[in-house]
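You will see chain A twice below: alongside chain B first, and alongside chain C after that.
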Partner chain A sequence: MSLRFYREGDSLLHRLNPVVKLIAFSTLMIAPALFLNPVVPAIFLVLALLLGWGLGGLMPTKVLRALAPFLLLAAGLALFNTLFYGGPRAHLLAHLGPFKIWREALAVGTSIGLRLLCFASYSALFVWTTMPSQLAASLIQQVRLPYQLAYAILAAYRFLPILQAELENIRAAHRVRGAYAERGLLAQWEHWRRYGVPLLANGIRQAERLAIAMDARGFGALPTRTHYVQSRLTTHDFLFLASSLLTVVAILLTLASLGLLQGLLAGPAESLVGGSP
Partner chain B sequence: MSEAVRLTALSFRYADGERWALHDVNLTVHPGETLLVLGPSGSGKSTLALCLNGLIPHMIDGEMQGEVHIDGQSTLTLHHAQLCQKVGMVFQDPEAQMVMPRVDEEIAFGLENLAIAPSEMPERITAALSAVGLLEQRQAWVSTLSGGQKQRLALAAILALHPSLFVFDEPTANLDPAATQAFFETVQRLRAGLNVTTILIEHDLDAALPLVDRVAALNETGTVIAEGTPQQVFANQRDELTRQGIWLPAVCRLAQALNDAGQPLAAFPLSVPEAETALRPLVTTVLDQELPPLPAPPISHGETAIDLDEVDFAYPGGLSILQRVDFHVRRGSFCALAGANGSGKTTLARHMVGLLRPRRGRVRILGRDVRHLNAQELARQVGYVFQNPEHQFVSERVADELAYSLRKRWGEAEARRRVEWLLHTFDLERYANANPFALSQGQKRRLSVATMVALEQPILVLDEPTFGQDQRNLSSLMTLLKALHATGVTILLITHNMELIAEYAEEVAVMHEGQIIYHGPTRALFNRPALLQQANLNLPPLAELGQRLGLPTLITVTDWVKWLTDSRKSERPSYASQPRAPA
Partner chain C sequence: MSTSPIQRALQSWTTRDLIVTAVIAVALGLLYMAYSGLYLALTPILGQVGIMLALGFYYLVGVLTPYIIRKPGTALLASFLAALTELLVGSPFGIMAVWAGLVQGLGAELAFGIRRWQDYRLPVLMLAAVLSGVFAFIYEYFLFSYSALALPVQIGLLLVRLPSALVLAGWLGKMLGDALARTGALRGLAISQTTRQP
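Showing the complex of A and B:
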């Protein structure tokens, strides 16, 4: 069991400059979050699946399956926000036991759930198609990030699976000792604190060892270093970035012209759910 | 030509240290030589390594006295970049010295740091990888390599910098016997071609010794107590080494024991072939002395403590780890479980405490199916000691750590009484109020065993408990286990330390790719060389000696001494008249 995110491939998404990909995907991810309206995130979610399929060679069904935990979480969020919606309401759709389902509530709930999925799918596309070392290389070579910082990010990434394995071991060890989580907030806190001490102790020790090993191989010895992995910007990168930004603008303008962006940043678009009152 | 390395009156104290980690160390190493550095834990061996590549004093805070010269230049005047290029280090933990995700990038990392031109890199990477036999893995992910491959990759990574001095800090501590051997063979091959100087810190003397020209031993206060050729150190200063808790190579221990038994060898041996030569005259004169017989396989229908019947296991969506494992451990036996890293030993053992559930098959503890036992009932039957003792600690005081398990079973007063008793038995009385995390490696290990026998569990499973333990701690751990075994506790010891198995285990099971490929008496296993090789295991040195001399059932020092002294008692006239070999 390991948290190895990158999936081998040679698609256009794989070959894009990681920083360009990061900017483009961030835009695609953040744009729908600005509208409390379920249509916008739904469109961008479909776009993510198409993007992964067309340019990344990732089957939409596979992407959705990999995102299953997020699907569940998104459904939960949507339901919770629908049931406990506290904003202005006008249109009652149905009764669900003690709950009243308002049209406005349903729109907000669905929107929140879909936004989460949007976030998850663009993030997944990014990590699946980006080699961490290439991300570090382009952060250093294009963004001019100090290389110490870029390598710290890389090291953190590499430590994730190690820490995960460590946590699993500690949990197993505590189970053998009969140290179970008891009920109650205090007991829960105590339980996690017990995990935390060995995890932190070992984490710090490992990090120190890694730092020494890096120093021993000359990390930071010279003011500049050379680059084995060359990170470049190609016309592909510019084209991709430009078309991503254009797509965002085009989608939003189309929606606006169709009158679907009313209540921008604030309320649900009335015409979306349930038709006329 | 001057010395490759010269340490002059070198002392070092860490910024947060109360005492000197190294004290007045004087050593010289000549070009092309290999120096083996020995010492108990806390003797400053790793500190010495860090002084050699200049991380002390350049990067690590503390007070340094004296000087270190590499190729005639003081580390104080050399730049960090020069030192990293000259001195290549391989550390103990494979996980904590890999930086990059892929094999070729890992080697490039050092080259980039020293600003080597990118055009030069592919060639250097190829050369380094082929030197350690990893060329095929060039594009592989580091995380998919085995521990042994990772250590060879670490070696390739420093090789690419063309160093003149190798410093190895227990590079094989995490490796199984076959990977250990592969590592040293690689070093041996490299050394022959490169004329590189090597300083090796290592506890596995028998694997390392063929490489070694000279030996230096440090004591607990970081002072050199013995130095010279292996012959000088192990033969002439062995009493001092033993006093410091430093283990001698197996054949040296045998020679010493024969000496003590009044049967001195003509020449003090350092290797199995040398021991063979020294023993052959003795052996040929007494060859009709009866050998201990090969034991019969243990009776399988006796009362069993642990039963696994046709157990299959795979992680969800993962490869199959256990395949139809049948494994039965008799009550009261001392059984070892050996096998290569990744062969499924830990997975198997975790089924015995209910941490893992079989996908198919049945696990019984003292006849009861673990599915019908709740966690608490199971915990009272089986103690399980993890490789890293820290993982098991749940409180901030040693005494609380012990009381934690006891209070659930006995009342406060009884628990307190038992805590006192456990502290005494496990030699932890002075640390009752200490934080478990602040203990030494040996104390942590003893505490973790104490917590697992506190409930008087009749079965104790230990998962590589010897990890990170120096010889003295190892001996005290094994003495404890032997004492527990004598009180009737069934012990299952997971280890690939073959000497330990020879010395302590009555029976041994060998795992290979998720299956038990051998389960039987320890002595009989050592007569199956092909099987050992298949499982990445090796013969312990004294068993190898026995094979070479046609005495395959002699596997420990005790076996050898007993056999040779018994033969003396039944002295024949021909033996009495035999002239002693000249000393």
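Showing the complex of A and C:
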């Protein structure tokens, strides 16, 4: 079921308002994307581990294990960005076949590879500590998303186990007629076409019945409604958001004062790097 | 609470439109999670540019759903919901995917908006798919600092995804929508009302 990634808990991260958490984590995640320096994502990655450990009760080893599937992609991304680096370069490190490895390229490549791990770790922390129903409640009550939308999401989540059971039915129906999945790309495509259409069609039929049931109970008749699950903003939320933003600023200021950000800003300022030796 | 612009836009939606949108989005979101695993596994084989050929599938939800529902906002909503599903069922791309879903949905929505949400023929579906791809490229451009790459590689990253968007989102969206309409499950929804007239 969809909740299997959520880990029960009562830590500070669990109790945070989901939307506040999403904004704070997005900020922490995106901050390293503004810099091409490998030190920045490395620091934010360590911060994610500490955050999960200190405020979420999640062992760093657990977060690191969740990052394992990403290691290959991160390494590939780092290599790709190193080989096809197009920015200013000054220090030649090595020759790799037809490619020249520049120190600047290696730094940028490493930075982008680490960046991916950074994104993945904050995502994992978010999913582990957020209950979908709490997120929906918060989207309605704090973001003022119309409740019709958020209820549609929640209703659709109820379909996950139904869709799974449906898939089993379709598979059984194919088996009983002697149709088995074959190997090969075309056979796979045929296989998915045979399963996908009835699966979606059945889901849509179920949706129709659900919609009638909801309409019969007057769903959507009024612009507002009362809520069983209450979602509030507490001082903890404001403190967490404020300290996340302050942490980002503090880290960047410290790095800047150490001279580690110089000439490695991404984006429009990047052209400035060309001037430095 | 005063009525927000979103709420006013929702007034033309029936409960059924909403739930069907959500179900398609969640079903595809689930599929995307499985697909993301495949994507991670295939990237080292196909390379960072080559894997863009698989990217079009992520734009499918923003084409198929509006093709069926045909209301303003469907592409944006479906794309965002599919991405939210991906996040909540533990997709490797998580929070990154949520914002990507929003951005891709905006791209598709723009295509339908240009035709005032009246035209759902194949060329418009293809335009929606391509704009999804272009918007996603802009998002990735910042997230992964494509600006640091050599210019031909940057162009490659944009262009390679476009045929994939045309086939795996534009064409597949139409095929799937029509196939679903043939099952009769979409009776009463906008897609069936228009296809019934010759």
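Just so we're on the same page, the second predicted complex is superposed on the first by the 186 of 277 C-alpha atoms of A that agree within 3 Å, B and C clash if a C-alpha of one lies under 4 Å from a C-alpha of the other, contacts with A are read in each partner's own complex, and residues count from 1 in each chain.
The definition used in the following text is that a contact is a pair of C-beta atoms (placed from the backbone, for glycine too) under 8 Å apart; a residue touches a chain by one contact, two chains touch by 3 or more.
As the structure is a prediction and not an experimental result, all values here were calculated from the model.
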Partner chain(s) touched by A:Ser133 [first = chain B, second = chain C, both, neither]: first
Chain B versus chain C as contact partner of A:Leu22, first or second or both or neither: second
Chain B versus chain C as contact partner of A:Leu12, first or second or both or neither: neither
Partner chain(s) touched by A:Leu93 [first = chain B, second = chain C, both, neither]: neither
Residue contacts with chain A in the superposition, chain B compared against chain C: C
Chain B versus chain C as contact partner of A:Tyr228, first or second or both or neither: first
Partner chain in contact with A:Ala172 - chain B first, chain C second, else both or neither: first
Touching partner for A:Phe219 - first (chain B), second (chain C), both, neither: both
Partner chain(s) touched by A:Arg194 [first = chain B, second = chain C, both, neither]: first
Partner chain(s) touched by A:Leu245 [first = chain B, second = chain C, both, neither]: neither
Touching both chain B and chain C, residues of chain A: 2, 4, 132, 155, 197-198, 201-202, 206, 210, 212, 214-215, 219-220, 224
Contact set on chain A toward chain C in their complex: 2, 4-5, 22, 25-26, 29-30, 33, 36, 69-70, 72-73, 76-77, 80-81, 84-87, 108, 111-112, 115-116, 119-120, 122-124, 126-127, 130, 132, 135, 144-146, 148-149, 152-153, 155-157, 159-160, 163, 193, 196-208, 210-212, 214-215, 219-220, 223-224, 266-267, 270
Complex contact set, residues of chain B against chain A: 50, 53, 55, 59-60, 79-81, 84-85, 89, 91, 93, 95-102, 104-105, 108-118, 121, 141, 143, 157-158, 161, 315, 318, 350, 353, 355, 375-376, 379, 384, 386, 388, 390-394, 404-405, 408, 437, 451-452
Touch list for chain A against partner chain B, complex: 1-2, 4, 6, 131-133, 151, 154-155, 158, 161-162, 169-170, 172-180, 194, 197-198, 201-202, 206, 209-210, 212-222, 224-230
Chain C - residues contacting chain A, complex: 1, 3-4, 6-7, 10, 13-16, 18-27, 30, 37, 40, 43-44, 47-48, 77, 81, 84-85, 87-90, 92-96, 98-99, 142-145, 147-151, 153-154, 176, 179-180, 183, 185-186, 188
